[in-house]
Every structure is written in structure tokens, then in C-alpha cells.
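Shared chain: chain A. Partners: chain B in the first complex, chain C in the second.
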Partner chain A sequence: MTTFLVRRLFQMLVVITLSAMASYGLLYLAPGGPLLFLQQLQRSGPQAVTEEDIARIKARFELDLYLPYRFTRWFVGLPRGPITVGDQAFFSDLQVGCAIPGQVRLRYPDGRIEFIEEGCEVPVTMADLEGRDVSRGVMLGDFGDSQVILRDRPISILIESRLWYTLALMGVSTLLAILIGVPIGIYSAVRQYSRFDYAMTTMAFVGSSLPTFFFGIIAILLFAIIAKEAGLPYLPPGNATANRDYVIPLIGTVEARSTLDYVLHFIMPCAVLTFVNIAQWSRFVRTSMLEVLRQDYVRTARAKGVRERLVITKHAMRNALIPFVTLLAGVLPTLIGGAAITEAVFNWPGLGRLLIDALERSDYTVAMSLTFLSILMLLIGYLISDILYTVVDPRIRLS
Partner chain B sequence: MATTSATTATEQPRKRRSEGQWAIVFRRFRRHRMAMVSLGIITVILLASFLAPLIAPFEPDEIGLGRNYLPPMSVNAETGQFHILGTDHLGRDYFTRVIYAGRVSLTVALLVATISSVIGILLGVLAGYFGGWVDIVISRFLEFIATFPALVILLIIAAIFLENEQFINIPDFILAPLSAVLAVSERETKQVVLIILTLALLNWIIPARFMRGMALTVREQLYIESSRALGASHWFIIRKHTFPNSLPPLIVEYTLAVNTALVFESALSFLGFGIQDPTPTWGNMLAFANSYMFNHPWMPLVPGLPILLASLAINYIGDGLRDALDTRLQL
Partner chain C sequence: MMRTMFKRTFAGAMLMGLLIPLLAACGGQAEPQVIRETVVVRETVEPQIIEQTVIVEAPTAEEGATEEGAEEPAASTESYTTPHPILDDLRVRQAIAYCADRSEVAKSVYSFLDDEQREELLMDTFLPKTHWAAAGEDDGITVYPFDPEQGQALLDEAGWTLDEGDTVRMNEAGEPLTLKFTTTNAQFRQTWAAVFEQQLLDNCGIQIIRTHAPGSWWFGGTTGLQRRDFELGAFAWVGETDPKGQTLYACNQIPLPSNSWEGQNYMGWCNETASQAIIAANNTLDRDERIAQYQIFQQEFTKDMPSLPMFNRLEVAAASGNVENYNPDPTEYYTKNIYEWTLTDGGDTVVLGMTQEPASMFTQNESAAVQRIAAYLIGNFGHQGFAFTAADYDYQALALTELPSIENGGAALEAVEVNAGDMVWSVDGDAVELADGVEVINADGETVAFEGDAITMNQLSVTFEYQEGITWEDGEPLKAADFELGNAIECDPEAGTISLQICNSRQEIEYVSDNSYTITYLPGVQWPEYSVYSLYAYPSHQELSDGRTLADVPADEWSSLPEIAEAPLSLGPYRLVEWEKGQRMVFEANPNYYGGEPAIQNVIIQFFEDTNQAVAQLLTGDVDVLGRETLGAGPEVEAVLQEAEEGTDLQVFTLASPTWEHVDINLFTK
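Let's turn to the complex of A and B:
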């Protein structure tokens, strides 16, 4: 078990480095970012931006460094400057970036003049990195600063403020989906081809084949807009809280930012996520249960005269839920991406919504941090599911 | 005596054999009522989209000042024009846009499913049939891609593609026919191609994994061994044994892939990272409808209903095919 864990953790480290490199490279290719506004600034006249100004802004966002150095500084917070052993500094002249690119004037035969960037006029060396602010690296839990959404403030604040909303949404909906979905799946399997089974499989079919936002919009339409117009008790259509008190028929005045306000806002996004999860999981449990019910030991148990109730709960259900447990570990990585669409529909201020905002507004450090987090969570999810497998099924050994 | 009984015994099956494998499949498929209904619905949607220029009463991007937000079944008071599904926020006829959007959304879904299936099947066969280091390289690569959270990466790639649109060149022999199929300009088509690429980039994993598993099980069969003993080449075995034996579940897998692509495309467009506005898709029409639904609650239903119908129909067809193709299942 220990050797397994050590090996898996080592593997995880390799995979996470590779995936982080790949996704960092991906975002590096992306245009925009904090330098986008420079294109609109004047390059001549009294208010012109000089090359030095641009170099300063670039340095502020580390954009003057070459990709490998930027990546390692973001990933583990290194290099921070020349390596000093005793009094001697090594690598202080190593060029790690370019502050001002060199310009070459091209004169075409037809008289056109064009400037192209070529080479480097003012290089950034290792010695220049000395005094710069640098995060300790995402691997050590320091995500650095946001560039647009919460300018120059740590991303960790941003993530912290959104995390609880997402955790509440995912946690409650997952719990509800297990509590409702598993019994539905088992009952459907036990009463296969009954009217209940048909109804539930149809519901599961609809729930898992349609996009999540569709249910979200239908829910808003029914429970917020139409209910409000009809004078019935309605639910607030979006956000996590209201800005001012509002009146709901039968319930009365709801104070803004009170517990009731939170709960009312929470119901719809939670219900939509729960419904989608129930649809998928009850189908999964049903299939797995049907398979187990066909096994010889179930027939043996029945032949021995064990009561049907016990056969189902003790013999069949326990085995049928083994694959389901690993499915649950898969919930962890969906923390960010999974609820993104639901969060977008209901304007729920969670992590998924944050990712969409970050991409929309070109806040790449935030987008990068969230991508890193979801990769990390995916890998931890895999690990947990492997470990859980051995816990729930003693026949499986880790090796 | 013995010969007569033998002929009577063989006569029965011969009659059935003349029916042909696909005829049997179709006979079994017809029994699935929902699948047949779905086939009808999909046919209607495909026909409407395909014949859009003939059916549509308006131009898809014909803006009408002062006639926006008209509810369904209403007549424009000024011009006396009839809008069967109403108009959107720019006064464009909703019915026209929905059928033109079907052209785009369904083409994207079908192309994404086809491209990703072809890539996935090729890689899966390579990995599963040859095994060894080929399998190791492909499987590890698959696992690596699977470590990326799908929606997150999808959003990032789509954002990069959309912002860099002017720098990416798509050859004309792809753009020109596609723009004719989609009935949009070549500039808009480019965006559609980029979204197709984005979706195909991530969706080939499922068919690849699936095909690898199929190829692995088929590889161990005795008839492959005998085929090889007779001197059959790898390509012959793949073509004549591995592929036909994996075909039935692959067809089912393909229908599911079409639905996944449809849903993902509409989700991307809905979030604002998909195909952008002048080009109509069900997803981006829904996104706009979503922001005006508080005053005009009928709006999201117009593009929402086609998504609902198409997605359910494709899934039911897949379900029907699964039952029809699985010969072990007694219907």
C-alpha cells in the first residue's frame, strides 16, 4: 500500500508537471492579456508611450521573460536570481528574457518602409530578476496576482471568495443526488420493466441527453418568470443574494442577505444540478444492479431461503455499489468545470463562473490557476477512486 | 430418408438467411417505437434545415427596425408580414433563423462526430491490434489528454481560436463547399471550422478508447489466428475482421458522439465561446434569448425546442440501434 502510494504520488507529480506545461503553453499562445491595451496607446506625439514604458509594464507581468523561465517561476517560483555560493554569483549574465526587442528597418524596392522585430536590444538577465516580486509557485499553493478581475490582488482571495459557493452547490446537489438517485436505480433494477422503471429510465434518458443549461432556462422560465407573473410564490432567478428586500407571495418579505434569501437563491441551481446527477447516476446504479442480480450468489441466496429484502440489501446492493463509489470520486474534478454551465445560467458566483469571466476578460493568471486546480483535482479524484476500490472491494489489491 | 430430412432442415434457415443482416437490423429497429418517431423528427429537422432557403420566408440576417420582440404567430402591423415564431431582439424572423441555425448546428455536430470518430477509430485500431509500444504510446497519450478537464480546456482553446481568428488560415477547398452548405459567408465559415476543430480535438478520445478495446478482444479470436495462418496481411485482417466485428457498437457510439457534439457546441455558443452572432446556431440564439427572457418569456423556447427535439431524437435512435444491432438480445 505504501509503495503503491509513493509510486502513484510520483506519477501524479510527473503528470501534473506535464499537464501544467501543456496548458501554460496553450495560454501563452493566446493573445490579449494585460498588454492588449498597449495597442491602443499612442506611439507618437506628446503623450507617446516609450519603449521603456512598455518594458516596465511587461516586466510588471513578467511578460518580458522567455517561456521556460516564466513557466518555472509560475510553477515553483524559480529562478529568483543568480545563484550565490559564498560571495560568488553564478549565472548572473544568463539572458532569461528580452525587455526591448531590437528593430530592423526594412526598405522595400517600392519605397515602403517597415519595421520588424529582430533580436534583442535590451536583454533581461538573471541579475535583473533579483529584486522582482515573484509568487512562491503554484505547486506551493501561491497562485500569484490577478491581472484584470481583481487587479494586483492575490488570486487566492478570489478563489477563496468563490470556493464556498461552488462547494455548497456541488456538495448539497451531490448528496441529494446520491440520496435520491441510488434508491431509484436499485428499485428500477429490482422491478425491471415495471411502470416505475419505464418512467425512471425515460426521465434518466431525458436528463442525461440534454444540455444542463436547457433545464436551467426552463426552471427560470417556470419558477421565476411565470410563477411571478401568476402571483404565485416564485424563486429568484439568479445570483446568490438579493441587493434589497423583496416580497414573495405566501412567504412574505425576504430580507436581503438573510439566510432565507440565500436558501431561496440556492434552490434552483441546486435542483438543476441534482436532477442531472440523479438522471446519470440512477441509470448507472440500475445497470450495475441488474448485472449483480443475475449473479449465481444471488440465486444461491434466494435458494437458501434468504428473505428477498435481505438478498437485495445485503447481497446485491453492496456489490452493485462498488463501481458507483469510484464514480463518486469523479465528482471531485467536476468542481470547477462541472457546474460552470449551471453557474453561468444562474449567475451563481462560483469557480466555474470565475473561469468563464477570466477567459472572457483575458485574465490569464486566474484562468491558469483554475485550470491547474482542476487538473490537480482530477488526479486526486483518480487516486481516491483507486484507493476506494480496495476499501469497498477486498478482492482488488493495489500493486 | 436421411437426405430428405437434411434438405428440409436446411430449407428453413435458407429462407431466413436471404433476408440479409441489415434487413434484420432494420426489422428489429422498426419495433422500437420511440426510435421510429425520432427518425421521423430528425428527418423533418434535417429536411427543414437542408431546404432552408426554399422554406424561409425571410433572409436569415434581415434586421427589422421596430418589429423586434414580436411574439409567435404575430403579424407585423406596419408591413403586414406574418412571423410564425415571432422575431428576436433585432427583429429578425425567428423561424428563418431557427432553420438556418439547424443547418449550422447539425453540420457542426455531424462533422465533429465524423472527424473524431475517424481519428479515434484509426488510433484505436492501431493501439488495440498491434499492441506493444504502439499501444503504450497511444494509450499513454490518451490518458494524458484525459487528465485535462474537458470543458475548461474546451473554453480555453475556443477562446484562443476566436481571438486569433484573423491569423489562422483555412484552405479555400474546405471553406468554399462548407460555406455553401452552411449558407453563410466564408468569413463566418472560418469561425465554424475553428469550433469544429476545437470540438473534434477532444471528442476523439471516446471512440479511440472504445475501438482499442474492441480490437483487443477481436485480436484474441481463433478466426484471426487462422486468418493469419492462411497468410492474410495486417491490413486485410483489420479490414475484413477487426473493423466489421466492431462496427455495430461503433454505429451506436457514433450517434452518441453526434449528440455530444451538438450539446457541446450549443453549450460553448451559450457561454459565448462558440460561433458568434451573425451566424445563427441554436446555442447562440438561446444565449440571446436568455438575456431577454424576463420581458419576453417565450423567447428561449424557440431555439430551445429544436435542441430538445434533436438531442432526444438522436439519443432514441442510438438506443433503438443498440437494441437492433445486439443480436444476443431477444426482442
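Let's turn to the complex of A and C:
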């Protein structure tokens, strides 16, 4: 087991590094970013921007550094300047970026003139990195500063402000989905082709085919807007809590930010997510259960005269849930990552909505931090599911 | 062994024999000699002035260090100096304007507006009709009402005729009247461009071939518009309180390879009269003179038709019927007069909805509308929204006793003599030490090069005077030290300020009293909007949580300082008491506001990710106000308008946005 864990942790380190490199590179290639607005600024008049201004802003966002150095500074907080041994500083002159690119004017024989960027007019060296602000690196839990959403302030503030909301929404909806979806799947399999099975299969089909924002908008329309207009008890259309006290028929006045207010706001997003998860998981469990029920050992158990309930619970269900454990590995990153669309539709202040916001506003440091967290959680999820395998399936040995 | 080696050598030789001719054939001719010249990037490349006759002076060898041995090209032909075979003809450009029914084009995207509302969106020049510098038909501008007969006649006259049975006009050579039309792939533009295309074909036989390119290409730094890669090109400009326009229409603002594609005159339009007028309008501080120059410009602009203004975009703002004195404006943020708002139901809280959260309250590093809406509540550090407002395309004094101007004596333009070594404002817009060869504008408005003799230049000084009794939320009076700190931080590059031009142009600031200061600019500075270039004010007395005083905090810490970025002291009608990230900002009335306590006690700004959700909460009464920055003119607007029509207690405002759609006509080809 120890060998397995050591090996897995090493593998995780490699996978994290590679996937962080890949996602960092992809975001680097994406159009937009904090410098995009500079193109729209004028080069003359009271708001004119000079090459020095651009260089200063690039340095502020570290965009004057070459990609590998930028990545390592984000990932592990290095390099921070020349390597100093005693009084000796090494690599001081090593070029790590370019503050102002060089320009070359090309004159073609036909008289055309073209300007191209080539070389570097003002390089950034390792010595220039000394004194610049840098995080300790995401690997050490320091996500650095936000570039846009919470300009120049720590991303950890953003994550802390959203984490609880995401954990609550995802945790409760996942738990409910398991508690409801697994029995439905098992019962559907046991009573295959019954009315219940047909009803549940249809519901699961609808639930997994239609996007969550569709259910969200329909729910808001039915249970918030129409219900309120009809004078019926209604649910708040969105947010985590209300801004003012409000009156709901049959319930009375609900105080803003009270527990009841929170619960009322929680119901709709949680119900939509639970419904969608039930649809997916019940289908999965049903399929798995059906496969197990057709196995010889189940037939043998029945032939031996074991009671049906025991056959289902002791022989079939335990084996049917083994693939389900793999599915659970994916739950961990969603607990942190949240349900971006549902959170956006219901204006739930979770991490999923934060990710959408970060991508829309080109806040790459925030988007990278959330992506990194998701990768980490996914790997931890897989590690846990591997360990859980040994619990649910004695045939599996981690060694 | 030897045999094998021989076989391999032989096979290798055969392969090389096959490949070498192939490679030679593929390579084609040798690349022509290209002369490479290193450019000193920090020097602005002198733009070429292109006359309408399209003769462009070739760059001389002295402009750069020519590579040794390289031959100077005998002749030069600049790209984009060949007049467009069709669009160079004024009659064709005017015909395009006459053949387009712009009201119908606007209808295609704003079908829910009535005819009168749509007419209000149409533009005749580059300025909206209500702008103080806009010229009308009475001022001698040429207008282009929808008149297909007139358009057809102009095309006939230009030699583009329509034979019976044909749908597209042809010239004598049998060439069809076909033009490429490029714009973005946004659904909005796809919709109106399709109508525009159909109109030109049906009404006048002009065939349009549309290209809807990704915005990243169309607005890219080295592609699309910036490289003038279009014949007809549609996009939008955003109008401002000051008409500006010099970079868009002056002759020296035509992007060309030889000026490193600087400038935004993508049409390549150079009308000397118009160019001089727009430069003059931007180089005088006399408003009457500015209006006169802009009038000349607009006469030439509409006569030459290098760009067809289509329509102002629509923006919609809405509020619950409960909110009184809510008055959205095209050029000012709606919280400008929030201290005047009241709630008819007697409530004490108003909820504003926004689809974006401010990044920081540190105004000088932020330009987002949502930040300004929030910052106006707390006085925006003494700047716009507190000292003055910019409603309806003009400026108004608020905390200032009046807007300083030369006419009212608040500003002065004095002739001063400058000599070698004096700091002056150069023609290029830089603060420089006067030395031989430095070009400046003298007091007579002429560009002169310094040659050792004293030059007389104009020097601008502006006095800003604030009302008495202004205090911070903690009761501390606003004082000279606060403005001093404002100037220090605004002008420190470490604080994150992007452009330092205005700071660099200041020569001296004299703090006359705690509520008055005079800014003297360098000789040669002529900012047309000098009346509103007031200073920021920061509470220099404020003690921070770590025991320091705000005035002692280094500039590079300011953007991350909670006392500045998160919860700054207020000068405005409200003070910020809570900011729940991702959810809301909570403000309460500032008892020390110099204008008296506002009628509504609490203001909450609720943040949304999705406009649909914001509209849903407006309809359910959870939100009271959605501004134009949130509603815009998206599909959600129809739902709001429909609700208002059905008699719901909702106020809906349709505004002509400062953003206006137009079709630029490229007068040249590559």
C-alpha cells in the first residue's frame, strides 16, 4: 500500500505539472488578455500611451517575460532573481524576457515599406526580476493576485468568498442525488420494463438530454415569476440571499439574510442540480445492475434458493456499485469547481460562476487557479476511488 | 560489406539527383534583396501626409541606417495609394448613401421601436444630433435621405448603368458594380448587413459581397481594419462628450505601411479643408471657434461621403415605477444624481443590478462603467461624478463652484516667452526641453522649430474652486493636502496609471486654499477639455489598519490597499459599508455629505452573471434599477419593453447610445 501511494503521488506530481503546463499554454494562446485594451488607446492626445507605458503595464502583468519563466514563476514562484552564493550572483545577465521589442523597417525593391517586430530593444534580465512581486507558486498554495476581477488583490480572497457556497450547493445536491438516484436505478433494474422503470427511464432520458440552464430558466419562470404574479407561494428567482425583507403567501415575511431566506434561495438551484444528477446516476446504476443480474453467480444464488432480497442486496448490488465508485471520483472536482451554468442561471455566488466570470473578463490568473484546483481534486478523487476499490472489491490488490 | 556500402552510396546519390531539381523547382526565383533598417522604437515614426492626388513621398535613405552594400530602390510605390476604381468616384459613394434606407436597417435590429424612436437613432454626421458640436442641414451639411431615384441617377451619371432584365449595374467595359463589404460576425451586424446588402441591390443595382470576419481579425493589431483590408467596412465608434475626431479624419492619420500603420483614418480620406478644420477644432480652447471648425469639418465630411453613418445603437435602461428622479443619460452614469432619488412607497432601500462587479474602487486604475456607477456613490475620489458631471454630451459643475473657462475667467491663456532649456510642450505632444530643432506651436498657432531665438508661446492656467463645507465621511474637511496627495498618486507610474500625458503636461500646481488650486500647464499645452482636468483627492489624514497614514503609503501599494481598493472613505452621498464578493455592495447614507443627507437611506448593488436573471429580479421586484450598461440592447430588452407595455409598474428608457454604427469606404486599393 505504501509503495502504491508513493508511486501514485509521484505520478500525480508529473500529471499535475504536465496538465498545468498544458492549460497555462492554452490560456496563453487564447486571444484577449489584460493588454488588449492597450490597442484601443490612442497614441496622441491627453490619454496617449507611450512605449514606456506599455512596457510598464506589461511588466505589471509579467507579460514581458518569456513563457517558460512566466510559467515557473506562477507554478513554483521561481526564478526570483539571480542565484546568489555568498557574494557571487549568477545568471544576472540571463535574458528572461523583453520589455520593448525591436522594430525593423523593411524596404522592398518595389518600394513597399513594412515595419516588423524583430529582436529585442530593451531586454528583461534575471537581475530585473529582483524586487518584483511574485507569489510562492500555486504548488505551494499561493495563487497570486487577480489581474482583473479583484485587481491586484489575492485570488485566495475570491476563492474563500465563493468556496462555501459551492460546497453547500454541490455537496447537498450530490448527496441527494446519490440517496435518490441509486435506489431508483436499482429498483428500475430489478423491475425492468415495469411502469416504474419506464417512467424513470423517460425522466432520466429527459434529465440527461436537456441542459441545466433550460431547467433553470423554466424553474425560475414557473416557481418565481408566474407563481408570484398568481399570488401563490413562490421561490426567490436567484442569489444566495435577499437584499430586502419580502412576503411570501402562506409563509409570511421573510427576513433578508435569515436562515429561512437562505433555504428558500437554496431550493431551486439545488433541486435542478439534484434532478440532473439523479437522471444521470440512476441510468448508470440501472445499467450496471442489469449487467450484474444477468451474471451466472446471481442465477446460482437464486437456484440455491437464496431469498430475492438477499440476492439483490448482498450479491448483486455490491458488485453493481463497483463501477459507480469510479463515477464518484469525478464528484470531488465538481464539489470545488461547482456547476458553472446552474450557478450562473441562479446567480449563485459559487466557484463555477467565478470561473465563467474569469474567462469572460480574461482574468487568466484566476481561471488558471480554478483549473489547477480542479485538476488537483480530480487526481485526488481518482486516488480515493482506487483505494475504495479495495474496500468494495476484495479481488483488487493495490500492490 | 563494400558492396552494401556501394549500393547505399549509389541509392543516396540517385535520391539526391531526384530531390535537388525538385527542390530547385519548388524554390522558384531567388528572393529579391530586401533592405533591413533598424528603427529606434521609442521615436514616433513621422506620418506621411498624403495629398488627394495620391503621390507619396518615398522615405529617404537618411531615415534609417541602410545596410552596407544595399542599393537604394530607384522608385517607391506606397501600398494603398491607388485610387479605388469604383469608390474613388464621389457619385458612387453618394449613391450608396441615397440607396440605403437606414431607418429600415435600424428596424432590422430594433424591430420593437416605433418609427419616431428609430428616426432618433439616425445620424447625418459623425456626431449625434443632440451633441453641442453637431451641425444640421441649416449649417450647410449635405444630408442623404433615402432617395433611390437620386442614387440611380448618380450611378447612371458615373457610367454604371442597369440594362433591362439585369439586377446588377455594369460599366462600359462590362464590369459589374460589385463591392466587398466586411464586418464582424456578430449576429447584430449579420442582421443589419443583410438588409443593407439587399437594399443596395434592389434599390440601385449595387451588388454587395459580404464577409463576416471574427472580431479578432477585423479589429486585430496587424489585420483587418488596421491594415485597411476592406472596400466597405462596418464597425462602431463610441462618441464622447468631447467630439475629438482628429485621429479618425485628419490627413496625417491614414494608416500606411510607411507610418507603421498608425492612425485610424481607415478610409484614406484626405480633404485638406476638413483636415485643417478638425485639427484646428482640437487645438483651440474657444468653444465658439471649435463649433465653427467642426461645422466646416462636417460640411466637408458629408459632402465627400467617405463614411456613411448608419445609426446610433440603442440602449435601454429600466427602473421600478417606485423610483423617482432616475434619469439615465447617454454620456453619464446614472448614479450621477442618486442623492436626488426618492422612493414613492417610502422605502429606505434601493437595489441596483449590474452584470459585472467592480474590480476595485481605486478609480484611477479602472475605467469600467460598473466601477464608476459604484464610485459615484462615494464621490469617486473627488473626480467626475463629484466635482462635475458629463450629462447629455456636455459638462456640468457639481462640487465645483463652476467649470473654469477662459470665458468666465476661471482659466487664462497667457503669452510667455520661452528660451533654450525651458520645458515646453512639443508639437508631438511630449514634454521636452527647448533645444535647437524642437518644434512647438507658437502663440499665433504656427508650428515653428526652435533655432536659438526666444519664442512666444501660449501658457494655460486653470483654477478649480470647490464649494465650501465639503468633508470626508469621517467629518474631516477636504483640504489642500488631499489634492496634493491626489496629484502625487495620479502622476506616479508605480501606482499603475496607464497614461501620464496630463501629468507630464503640468508645470506647476498652486494650492490657493483648501478648496481651490491652480494648475499651470507647460507652454504649448492646449487640452480642449481643460475645464474638467481637475485633481483627485485622497484622505491624506486617514489612518490605516496597520497604523500608517495614507499619505505615507508608497504608490506601488495603493492598488492593493484595502482602504483604497475595497472600502475607501467617502466624499459622496453614500458610504460603502459592506462588499460581499460576487454578491453585493451595501452603501448607507453619508451623514457628512456636503449636499445634505440623501432621501434614500440605503443603496445595494446586486451583481449578476446573467442578464436574464437580472431581468427576472426586476420583474419580481427584487431589483429596482437596471442601467444601460446592464440591459444594453440585448434580447432581454424585449421582455422588459413588453412588460412595460402591459402596464406593469416599470419605467423603461430607450436611449440613443453614444456608440454608432457606420460603413467606412476605403478610397484606395493596395
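The rule we apply is simple: the second predicted complex is superposed on the first by the 377 of 399 C-alpha atoms of A that agree within 3 Å, B and C clash if a C-alpha of one lies under 4 Å from a C-alpha of the other, contacts with A are read in each partner's own complex, and residues count from 1 in each chain.
Simple rule for what comes next: contacts are C-beta pairs under 8 Å (C-beta built on N, C-alpha and C of every residue); 3 or more make two chains touch, one makes a residue touch a chain.
No experiment lies behind these values; they were computed from the predicted model shown.
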item	value
Room on chain A for both chain B and chain C (clash or fit)	clash
Chain B versus chain C as contact partner of A:Phe214, first or second or both or neither	first
Chain B versus chain C as contact partner of A:Arg151, first or second or both or neither	second
First (chain B), second (chain C), both or neither touched by A:Pro237	both
Touching partner for A:Gly102 - first (chain B), second (chain C), both, neither	second
First, second, both or neither for A:Leu13, with chain B first and chain C second	neither
First (chain B), second (chain C), both or neither touched by A:Leu379	first
Touching partner for A:Val263 - first (chain B), second (chain C), both, neither	neither
Partner chain in contact with A:Leu179 - chain B first, chain C second, else both or neither	neither
Partner touching more residues of chain A, whether chain B or chain C	C
Which of chain B and chain C A:Ser23 touches, first, second, both or neither	first
Colliding stretch - chain B into chain C, listed as 37-45, 163-171 or 253-261	163-171
Common interface residues of chain A - those touching chain B in one complex and chain C in the other	31, 217, 220, 225, 237, 344-345, 356
Complex interface listing, chain A residues touching chain B	15, 18-19, 22-23, 26-27, 29-32, 205-206, 209-214, 217-218, 220-221, 225-226, 229, 237, 333-334, 336-338, 340-341, 344-345, 355-356, 359-360, 367, 370-371, 374-375, 378-379
Residues on chain C engaged by chain A in the complex (per definition of touch)	32-39, 41-42, 44-45, 58-59, 63-64, 73, 75-79, 216, 219, 221, 244, 246-247, 257-258, 260-262, 347, 349, 351, 356-357, 359-360, 362, 365-366, 429, 493, 496, 498-502, 505, 527, 529, 533, 559-560, 565-566, 580-584, 604, 606-610, 612-613, 616-617, 619-620, 622
Of chain B, residues touching chain A in the complex	144, 147-153, 155-157, 159-160, 163-164, 259, 263, 266-267, 270-273, 286, 290, 293-294, 297, 300-301, 304, 307-308, 311-312, 314-316, 319
Parts of chain A lying in touch with chain C, wherever the complex brings them together	31, 38-39, 41-53, 56-57, 60, 100-115, 121, 145-146, 148-153, 157-158, 161-162, 217, 220, 224-225, 228, 236-244, 246, 343-347, 349, 353-354, 356-357, 361
